[in-house]
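Some notes on the structure that comes next.
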Amino acid sequence: MANSKYEYVKKFEMEDKLPPCNWIIVRIDGWHFHGFSDTHEFDKPNDENALNLMNSCAVSMAEHFTDIVFAYGVSDEYSFIWSERSQSYGRRASKILSLCVSYFTSMYVIKWKDFFPQKDLKKPPCFDGRIVLYPRVKMVRDYLCWRQVDCHINNQYNTCCWMLIKSGKSEKEAQELLKGTLAKDKNELLFQQFGINYNELPDIFRKGSCVYKDYAEETVKVDTCGNPVKRRRERVVVGHFDIIGDGFWDEHPYILKED
Amino acid sequence: MANSKYEYVKKFEMEDKLPPCNWIIVRIDGWHFHGFSDTHEFDKPNDENALNLMNSCAVSMAEHFTDIVFAYGVSDEYSFIWSERSQSYGRRASKILSLCVSYFTSMYVIKWKDFFPQKDLKKPPCFDGRIVLYPRVKMVRDYLCWRQVDCHINNQYNTCCWMLIKSGKSEKEAQELLKGTLAKDKNELLFQQFGINYNELPDIFRKGSCVYKDYAEETVKVDTCGNPVKRRRERVVVGHFDIIGDGFWDEHPYILKED
Amino acid sequence: MANSKYEYVKKFEMEDKLPPCNWIIVRIDGWHFHGFSDTHEFDKPNDENALNLMNSCAVSMAEHFTDIVFAYGVSDEYSFIWSERSQSYGRRASKILSLCVSYFTSMYVIKWKDFFPQKDLKKPPCFDGRIVLYPRVKMVRDYLCWRQVDCHINNQYNTCCWMLIKSGKSEKEAQELLKGTLAKDKNELLFQQFGINYNELPDIFRKGSCVYKDYAEETVKVDTCGNPVKRRRERVVVGHFDIIGDGFWDEHPYILKED
Amino acid sequence: MANSKYEYVKKFEMEDKLPPCNWIIVRIDGWHFHGFSDTHEFDKPNDENALNLMNSCAVSMAEHFTDIVFAYGVSDEYSFIWSERSQSYGRRASKILSLCVSYFTSMYVIKWKDFFPQKDLKKPPCFDGRIVLYPRVKMVRDYLCWRQVDCHINNQYNTCCWMLIKSGKSEKEAQELLKGTLAKDKNELLFQQFGINYNELPDIFRKGSCVYKDYAEETVKVDTCGNPVKRRRERVVVGHFDIIGDGFWDEHPYILKED
């Protein structure tokens, strides 16, 4: 049975190659994760296990898709930066997008038990994704600033809100109290009412998570004279740094390097 | 900390609305499933449990995304047909694609144990996906014909190939023997050498799987006079039909209905 | 001097093939034609010479680009419908768009003197263009209805407005008088105040212009017995018809024929 | 007569915004200009009047569309570089493309008589166009190098070819003689057989044409003390420079300035 009669339908497949020399950011986002986090009783405002699960999946991503040069995560969202030079999958948008989203989801379900040994997965976790292109490193940096500033703003607000709720306010009252407050007001509130110094909260909450390749010298054996034989080894690591300033980038110049 | 300084980066997000009045087909495909099926020792040429797992995930998809009007699966591939009228997610391509792929992957991992209780998942299953648009029902029908003819051709070839291998030939010898054979030669070979009547093999292998909504009358209670009170009830079902001829479509006219 | 070093820049050219089996409408529109028509003192509300010039260019278009099956023009706007089956220029959007706009503009300047022998061209006429795709004939018909209804509405309004202005009102006063009036009010006004029966105004003003291929039998010679030898001949013609009802389309079934 | 019933057809218009911060190159190309130049008996291998006509149209373009920062032309082709910062027409691709092509075509026909006073326009000139995006200045420079190297290669070949033809060879013989020759062979041939020093041919033939804005101080009046009052004035100019090396760009740093 020849298939030629119907093969014309393949002509409807449209090319979706991404233009060369643009940094490719794939941002995935938990879908209806408000409900998902309620169902699984995540700690509020931040569930450290849930964040670590996200980070662990992101590490797997960076190990698996070697053209990912950096990833930044906050809450149920993760941004994966593919090198502007990447030729993976012919730079086809749907291929890159679907593989990222599928692989991440797969790891999330598989690793669930490692991070929530006491909790069964009651709902299927699901992530949507989108691709954004940036023509220059400066804009990739600004994109990451945008996400990290968002992390700060949301975390500070949520911390205040949940402290108020835990102290007996209703959600509505808490929101009302916070309306129109500035960053410093919120810090003040946390300190005065709850004895919390916002800047001493864990970095993972305040700064989000960075995933990237680091290079370490490690002793692989000892030679016949008893001297250590070292090798430069690549590892994917997680850190919680300020990525708005230049410090981190100056120390890791190889991450975002323009042609 | 205001975020306005960096928000310009949002301007790089491009609109990707799919044009109206086109049927949207999302086809997902197991990624490196050759290796995946080896690792998990799937039966050859067809693993019924693996197919049932795929079908079970497809049923979940059709229950979850209500604009999916029909799905057709064969091997590690599934095509989901979204109604031409669907307005879900503003018809944004990346949203529809990523959610389909993520939800399917999630279900696949979650349901694995139901279909392979004796086997641990040793590798993360991963699916790529793509969207194809068809402007008319006729072409959607032809698309499905294309996939089902492909199912026939591949299944017949694989059945012959694996019977030869199981009878002692090497993979290479088997391929050599089948080179240039026609459909009827392969049927003959199966019958003569292995006593297999190809047309009596299970439909799920020869025809693939259809997932769609069916409507059944069911008795929901009995009224005060003792008469049954019936209700029309929608259920997502799986079947293994010929979808090349008109029969199935004539019986289910509501599935592919053009505006 | 080899050019290979720089040829990588060609990789930035993106494919822009239009999907198959969609009707391609190229709509061009006079750019800043308000000023253009003032400069060249076009008659108001309609300049018959200007409309005839547009139509003459459209005829040239349909003769030159043989995949154009129909064109509809009103005021300084023209819509060219390319057959859904067209494979011209590999269905590349930028090729089709740019050639249409360029050819039309070229003809407009070249033919200017034929329609305005007394007027010099004082400003360069310029047209913008866009492509819209329609997956079915029904929508192409509705598109044309949309344009023709627009023609009616604008022409009726403009006719009233200019009659009032010519009778001594200022533009502002005329607009004020027409605010909120219905179609029948405007007809009444034209009749009562100016003795104009709107429905007796020339069709070209009220209905716009249709350009299409017609087939006529013509006598090409007389044979040796004195009998006429006839041939079916294709000609591109202009007409001013109602294209909202079915009449015109029933008489010209070959124009919009779906596969 | 309300139009709302048909307005749904507008939903088929797709957004085609070009991404921000990319240089937009619109390259237009004479369509079937081989025939056009034969019909109008253009000088071979280069017709100075035809080139000057192209340049004059390009100057009009740069004056009219103020976001064009540079244009480069060779033969019947012209590339217009729009600033990466341009927000004209909302960066809509079809708007930018169609207006460029239309305006250029319009000027070409209008100015024809200025450059060919003895020749009537016998065929409509027509140009196709395409848009290419470049994310960085370096690539825009390389794009221009690519075009200028092409100019060199073609001009040298054509000069040789036409000298041979004018000396009595057939077109085929001339092509045969040039097959496989290097740049220096062609220079040698021109010098030995025809006494032509290739490098002394006019720049406009060998280097193509650059169109850009230059700034000149000019005396606008004389003040009461008799001193000249100067003003910086912008003019669109044409030049024939090497644009492969850095010289021109160092002298005109404002033309391609990255954000």
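Per-chain residue numbering starts at 1, and chain names A, B, C and D are given in the order in which the chains are listed.
By definition in this document, a residue touches a chain if its C-beta (ideal position, glycine included) is under 8 Å from a C-beta of that chain, and two chains touch if they have at least 3 such contacts.
In this text the structure is predicted, and so the values were computed from the model without any measurement.
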Other chains in touch with both chain A and chain B: C, D
Remotest chain, chain B as reference, centres from CA atoms: D
Whole-Å separation of chain centres (CA-atom averages), chain B against chain C: 47
Distance from chain D to chain C - Cα centre to Cα centre, in angstrom: 31
For chain B paired with chain D, centre-to-centre distance based on mean C-alpha positions, whole Å: 53
Shared interface positions of chain A, touching two or more other chains: 8, 12, 14, 19, 21, 133, 139
Overall pattern in which the protein chains touch one another (line/ring/star/complete/other): complete
Residue numbers on chain A that touch chain C, as the complex places them: 8, 11-12, 14-15, 17, 19-21
Chain B residues within the chain C interface of the complex: 19, 21-22, 133, 135-136, 139
List of chain B residues in touch with chain A within their complex: 1-3, 5-10, 12-14, 28, 31, 60, 93-95, 97-99, 101-110, 121, 124-134, 139, 142-143, 145-146, 149-150, 152-153, 183
